[in-house]
């Protein structure tokens, strides 16, 4: 049981990093990203391929994966920055799907649907096999804290304040002009940097990645975490990611009590409940469990 | 370009033109891209399947029934899910529409499982002319799609309700001032679009296969056609459908067909960058 | 005083909890032009929106030709013999002039063709523009389409929100001539104008609003000569 809890905790960690990154893009800056699953996959495959195919040490592969995420995210942002949010949503969803398709179809490199086996794990030689899962949980926790710290710093910085002001009022964005555009691209790239990080951490944890993990459904879970937690509020995001994961895992156990449903029906039922949870949350708490505190201008 | 390629492109276009026009109409009135359209199409396909295969009704009758069932589902989804949230931002509504799509698709999965199905119709040898093949069903899809385009044009340009639909899409406030009841027009539009999505479900069942993801896989080409034609412009959507159909078939010559979804996205991305208002549209999609 | 076509009693309205205009009581008699002037933010447009049913009132009453329309929607108010021309976006840009006029008569379809002919008679300039999309017309032409649309139901009173906004100085004069012409057909007019002097010159009565309330009212000619009005709201030019 404790092994199960440790594993669940590790997955919550991945979710938290992804949700914090999305909160940076959507919650704070108002940029829509439905390609979360794609950037997650990008990080996972970048790190995985670097270690397995090129023999790059894990310590270099993980930062490299973050940089790949950042670069691709920056390009996407650069190309589509001026689009209205709902159309940016379609473009980013497309980017996510195309990344997944490449992984699926270029199987000479990525092993495609067979899955990519990854041997390398960070600090594997220093920790015993039985303690490794617990070690990895702490390893991920450290990165969650780092991500949280960076996100909070950005939110409280002058740049973060400007971005939040723009999110509320597009006219201001027009007046402030190019500088803002650059900030928005930077924030989007920082967000995808962390999505790449989450992907790399996930790859070296499961040691076996395949395209089916990175369906648009994942993007939906992360969006739920942000919306349920409270867009704009980093603490809320942590709670939201935890709550969504517990809900996802919790619904698994329904199957143990209800025999009439087979695995296929069970999985359908879980997705229905997740969809309902999202709609109901938006209806009764449109600003999430921990709403963002009202934006105030405080000099210094 | 071979003749077969053109035939395939035409069938493809005929399949996505009606839902692209419906999506455009819906966007005009509700002002957010509704991702649930794929799920609506799936509802149409499975409703027709149940009426045709399970109840043994002839396909024509089953199609009519499926269209009505889909219209009811679309209207109910609007009333229960979207209308209470109509003051939320387009992005929130977009997220909600994805959630709604997941719910509808998985309710179908719950009852029908993910098996691949087909209608109960006799298999016929495809017709051949020159060196191209086309099935009887494909010809029917093309004819019906054309009739729908003409019918929609007549409705929008020459009828009282059609003018009111355009007025609400153009300027909802002024439409209300001139005495148009927006609630009624919205109900009519959602139901009409529901009929079109239902019919597309039947077409998809004829030309592709019936499975819970059949609509989801059509969503992106439909979006691409609607955006290409200029969102909010139903005529543009029709032209957009033909171009997307051609583009999808033509790219198969260059890249493997497994990237089909990617083609739709690529068209959308390039277009949004180069000509965001689409070929015929005027609605703003830039900031 | 002739028949009162429009009367508001202690009308209060605003957005959410923010009260923009309060306790406004006014009367518009049949056949007269009333001009509401006042500084920006005085609540003039909000008042007009409330009377037209676009904005629900917080308190007070609105009567059109003796019938209580308080709290009715814009679509319902449109049937009361009162027509409203908003300041911005007052035409359907994607539709032709002809179709715009048809939308003006949407409620009473039977009369649409006859009413449309009357409008073309009144605005002959619109005839060659029948099949041009309103979005492609000039500002002055658009304003004419907007007036024509509002006249399609043969209203007894017209509400105009800043009809001169966005027009070139030359067009402003023509627009006011049109207002007088429409009034000559027996249509009472209640208009909000930023262009106070020209607005008052063609009006019978004037109302000065400030801070969401009526500050002064009277015959338009008296207001034009009043010292305090000219200093406060008309600028130095008299």
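Note that the chains are named A, B and C in the order they appear, and that numbering of residues resets to 1 at the start of each chain.
Here, contacts are C-beta pairs under 8 Å (C-beta built on N, C-alpha and C of every residue); 3 or more make two chains touch, one makes a residue touch a chain.
The structure displayed is predicted, hence computed values, not measured ones.
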Along the shortest chain of touching chains, how many steps lie between subunit B and subunit C?
-> 1
Counting only C-beta pairs in contact, which pair of chains has the most of them?
-> A-B
Chain centroid nearest the full-protein CA centroid = B
Relative to subunit B, largest Cα-centroid distance belongs to chain C
In whole angstrom, the CA-centroid distance of subunit B from subunit C equals 42
Per the C-alpha centroid definition, the whole-Å distance linking subunit A and subunit C comes out as 54
Please compute the C-alpha centroid of subunit A, do the same for subunit B, then give the distance between them in whole Å.
-> 31
In subunit C, what residues contact two or more other chains?
-> none
Report the residues of subunit B in contact with subunit A in the complex, numbered from low to high.
-> 32-33, 81, 84-85, 88-92, 94-96, 98-100, 102-103, 106-107, 109-110, 113-114, 220, 223, 227, 256, 258-259, 261-262, 264-266, 268-269, 272-273, 276, 284-287
Quick one: which bits of subunit A touch subunit B in the complex? Just the residue numbers, please.
-> 26, 32, 79-80, 82-87, 89-91, 93-95, 97-98, 101, 104-105, 170, 173, 217, 220, 223, 227, 264-265, 268-269, 271-272, 274-276, 278-279, 282-283, 286
Show which residues of subunit B lie in contact with subunit C when the two form their complex.
-> 160, 163-164, 166-167, 169-171, 173-181, 282
Residues of subunit C touching subunit B in their complex?
-> 52, 54, 73-75, 78-79, 84, 86, 89-95, 99, 102-104, 106-107, 109, 135, 149
